[in-house]
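Okay, structure first, notes after.
Per-chain numbering from 1; labels A, B, C, D, E and F assigned in written order.
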Amino acid sequence: MKFSLLVSTSPASSQGAMTAYQFARAAVSQGHEIYRVFFYGDGVLNANALSTVPQDEINLPRAWDEFLTNHNIESVACVSSALIRGILDSDESARHKMTGVSLLESTQIAGLGQLVDASIQSERLISFA
Amino acid sequence: MKFSLLVSTSPASSQGAMTAYQFARAAVSQGHEIYRVFFYGDGVLNANALSTVPQDEINLPRAWDEFLTNHNIESVACVSSALIRGILDSDESARHKMTGVSLLESTQIAGLGQLVDASIQSERLISFA
Amino acid sequence: MSALHTISVSPTNGLINSCLRLVCPGDGILFIQDGVYHCCPPCLLDSVSQDNALFALREDLLARGLLCKISERITPVGFGRFVELTIDYDKVISWS
Amino acid sequence: MSALHTISVSPTNGLINSCLRLVCPGDGILFIQDGVYHCCPPCLLDSVSQDNALFALREDLLARGLLCKISERITPVGFGRFVELTIDYDKVISWS
Amino acid sequence: MQQKSLTFITRQAPYGSNKAKLVIDAALAAAVFEQQVNFLFMDDGVFQLVQNQTAESISSKTIGRALETLELYGIEQALVDSVSLEERALSAEDLAIPVKILNVEQVRQLAARSDVVINL
Amino acid sequence: MQQKSLTFITRQAPYGSNKAKLVIDAALAAAVFEQQVNFLFMDDGVFQLVQNQTAESISSKTIGRALETLELYGIEQALVDSVSLEERALSAEDLAIPVKILNVEQVRQLAARSDVVINL
C-alpha cells in the first residue's frame, strides 16, 4: 500500500508528531511504501536542524532525518509555514540574508502542490494534527 | 506600575503572542514599566531571528526586537524551551556544533528562575497563552 | 484580593465553567481573542453573577464582526483600558 | 466508501459529537493520544452505534494508565494493527 | 493528472489560531491542481463566515477575502454543517458569502463519497 | 528574597501536549527560589494523577516522577479540584500520589488569597 503522511504539529509541543513517526516506522516495517511526508504549519518544526534535547530524550527531528534517509522517503516542508517559523535551507537563508541554515538535509522546502500531489498519488493520506 | 509578561504561544500559530505585544505597547505608552518579558514553551519562537513573513504581514519577532530594544526592556527565552525549538544564541550554537544563530539580539537565554524573579519583583504578571 | 480573569478561547471549549469556579464576588472577566464569542447569543452568561463586571477587547470584537452583536452586560474596552483593568484588580488570571 | 476516524483529543473538547455526525454505518473509530480518555468511565460511548468498531492505541492506553480500565467495546491495538486498520478502511479522517 | 474528490473540513474560528488559514490554503492548492474540491465549515469554523469582520484591528488579515477566492479558484460551493450553525444561533442571513447548508444526512454523505478528507 | 504566594494551575492531560510539563517545571523553579507554592490540578490536569502510567511506550517520560519531586522541593501538598475529579469519575484511591481534595469554596479561596496565579 502507498501511504503519504501529513504532519502539522510541533514535536516540542504535542504528541502528534511522535505518533506520526511511530506510524511511519510501523508502515515501513510491514513493507508498505511511504510516498511522501508533508510537514505543514507547526509540523515544519519536525525538520528543524537546530533542535537539541536532553540526552535522555528523543530528538524527533534527528530521528525523522535518519528514518527518512535510511528508507529513501521524500519529505517536504511547506514553504510558507517554514519561512515564518525560521526553517530555512541554504538558498532561503542566503536570499533572506539570515544567520543560519535550519532545515534538515532529508527534507526539501516546496509548495502545497506537493501535498495535493501526495493526496492524489497515494492510496492513503494519514493526517497527524 | 511594574509589569512582567509571560508569553507562551507561537507568533505563527496563535493570536496570543500578538495580543501580548499590543498589551506591552499600550502599557509602555501609558508610562508603565515592563520589568521583563519571559518567553516560555512555544513562546520562545517570538525571539526567532530566522523568521520571515510576506511583505504585507507583520514580522512579530522583528517587532518585539525593535520594541524591546527601543524601550530597553529585558526579555528572556527559557533555555530548555529554546533549545528544543532550535532557538540558539552564538554560545549555544557553538556548543552544540550547530549551523546557525537563531536568537534575536534583544533576548537572552536563561532559566526559569527569571520567571520566578519576574513574578516576585513585578506588581503584575500577565500571562498570554 | 480581587482578580481580573481573561478568557481567550471560544465557548466550544467549555472553559468558562472552570473559570467561574474561581471567580469571587467583585472579580472581573475580560474576553479576548476567540474568547469574545462568549459575548453573543446563544451564550447567555446568566451563570455569571451580576456582581462581576464583564469586558471584551474591542479590537477582537471588531476583527470577528461582533461589536454590534454583544450582550448589554458586556463593556467593550481597548488595549489602553485593558492595561488599566489589570491595575484596577489585584492580579490577573488567564484562561486559555 | 468506509472511513477510519481517529480521535486524538480528550472528551473535554466535545469533539466526538462532531465526529459522530460524519460516521457512517461500518466506519471504525480509533482513539489515539489524549483521545484514549474516551475509553473509560464516565464516557459511555452509548451514542456510537454497535455497527461501528471501536479501537484504541495500546501504547497510548499504557502511557496513561488506562489499559485495565477500558470499556469492553474497545479493542486495544498496537501500531502494526493501526497501519492495517488504515488499509482495512477506504480512507482515514482525523479529528484533533 | 488523476482527479480525486478532496473534502476539506475547517473547524476553527478565524484568528485565534492559524488553522483556518492552513485549511483554506490547502484547499486553494487542490483547486489550482484541478481536483474536485469540497469545502465544509463545521463547529467554530462557521465563525469564519460572520459578516463585517475587520481583522486589521489585530494586525491580521480579514479571512473573508481568502474565502471569496475559493469561488474564483473553482470551488463552487462553500458547504456549511447545519448543526454547527444552529448551535451558534447563526443562519444564512448572518453570513458574508453565499453558502449551501447541509443537513446531517448530507454531511454524512459528503464524507462517505469523498476520496480524501482533510480535517486540520 | 521577597516571598509571595504563587499558585500554579495545571489543566491539561499529561502527554498529548507539553503544557503539563511546563507547569510542573515552573512550579519547581518557584519552590527552589523558596516561594510559597500551591499546585492545583484542575480539568484534564487530574489525568496526570492516574496510577500505573508508563509513558515509555510513547517515547515520553512518565509524569508521576516529576510530580513526586514536587514534595521533595518543598511543595507540601498537591491540591485537586473536587469537581474535576467527579466529572471524570475519579476518586482519591485512583491517584498515584497523596493529594488534598478541595471543594468549590476552598478552590475559590485558594485563588483569592494567592498573590500570583499561573494557569498555562
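In the analysis below, contacts are C-beta pairs under 8 Å (C-beta built on N, C-alpha and C of every residue); 3 or more make two chains touch, one makes a residue touch a chain.
This one's a predicted model, so the numbers in the text were calculated from it and none came from an experiment.
Trainee: Supply the minimal count of touching-chain steps required to go from subunit B to subunit C.
Mentor: 1
Trainee: Could you tell me which chains are in contact with subunit C and with subunit D alike?
Mentor: Correct list: E, F.
Trainee: Across all chain pairs, which one has the most C-beta contacts?
Mentor: Ranked by C-beta contact count, first place goes to A-B.
Trainee: Measuring between mean CA coordinates, which chain is farthest from subunit B?
Mentor: D
Trainee: Do subunit A and subunit B face each other with the same patch, meaning over half of the contact numbers show up on both, or with different patches?
Mentor: Counting which numbers both chains contribute, over half are shared, so the two copies meet through the same residues.
Trainee: Taking each chain's centre as the mean of its CA atoms, which one is most distant from subunit E?
Mentor: Comparing chain centres, F lies farthest from subunit E.
Trainee: Just how far, in Å, is the C-alpha centre of subunit F from the one of subunit A?
Mentor: 34
Trainee: With chain centres defined as C-alpha means, what is the inter-centre distance between subunit A and subunit B in Å?
Mentor: That gives a centre separation of 26 Å.
Trainee: Averaging only over C-alpha atoms, locate the centres of subunit A and subunit E and give their separation in whole Å.
Mentor: Centre-to-centre distance between subunit A and subunit E: 26 Å.
Trainee: Could you say which residues in subunit C touch two or more other chains, in rising order?
Mentor: In subunit C, the residues touching two or more other chains are 8, 12, 33-34, 59, 91, 94, 96.
Trainee: Could you pull out the residues of subunit E that touch at least 2 other chains?
Mentor: 15-18, 43, 58, 60, 116, 119-120
Trainee: Hunt down the residues of subunit A that sit against at least two other chains at once, touch-wise.
Mentor: Expected reply: 12-13, 15, 19, 22, 41, 80-81, 125, 127, 129.
Trainee: Judged by the touch rule stated earlier, which pairs of chains are there in contact?
Mentor: A-B, A-D, A-E, A-F, B-C, B-E, B-F, C-D, C-E, C-F, D-E, D-F
Trainee: Where on subunit C does subunit F make contact in their complex?
Mentor: Listed in rising order, the residues are 1, 3, 18, 21-24, 91, 93-96.
Trainee: Which residues, counting only subunit A, touch subunit D once they are in their complex?
Mentor: 1, 3, 15-16, 19, 22-23, 25-27, 29-30, 32, 124-129
Trainee: Report the residues of subunit B in contact with subunit A in the complex, numbered from low to high.
Mentor: Against subunit A, subunit B makes touches at 10-13, 41-42, 45, 48-54, 80-81, 83-88, 93, 96, 98-102.
Trainee: With touch defined as at the start, can you tell me which subunit A residues reach subunit F in the complex?
Mentor: 12-15, 18-19, 22, 56-58
Trainee: Spell out the residues on subunit C that touch subunit D in their complex, using ranges where they run on.
Mentor: 12-14
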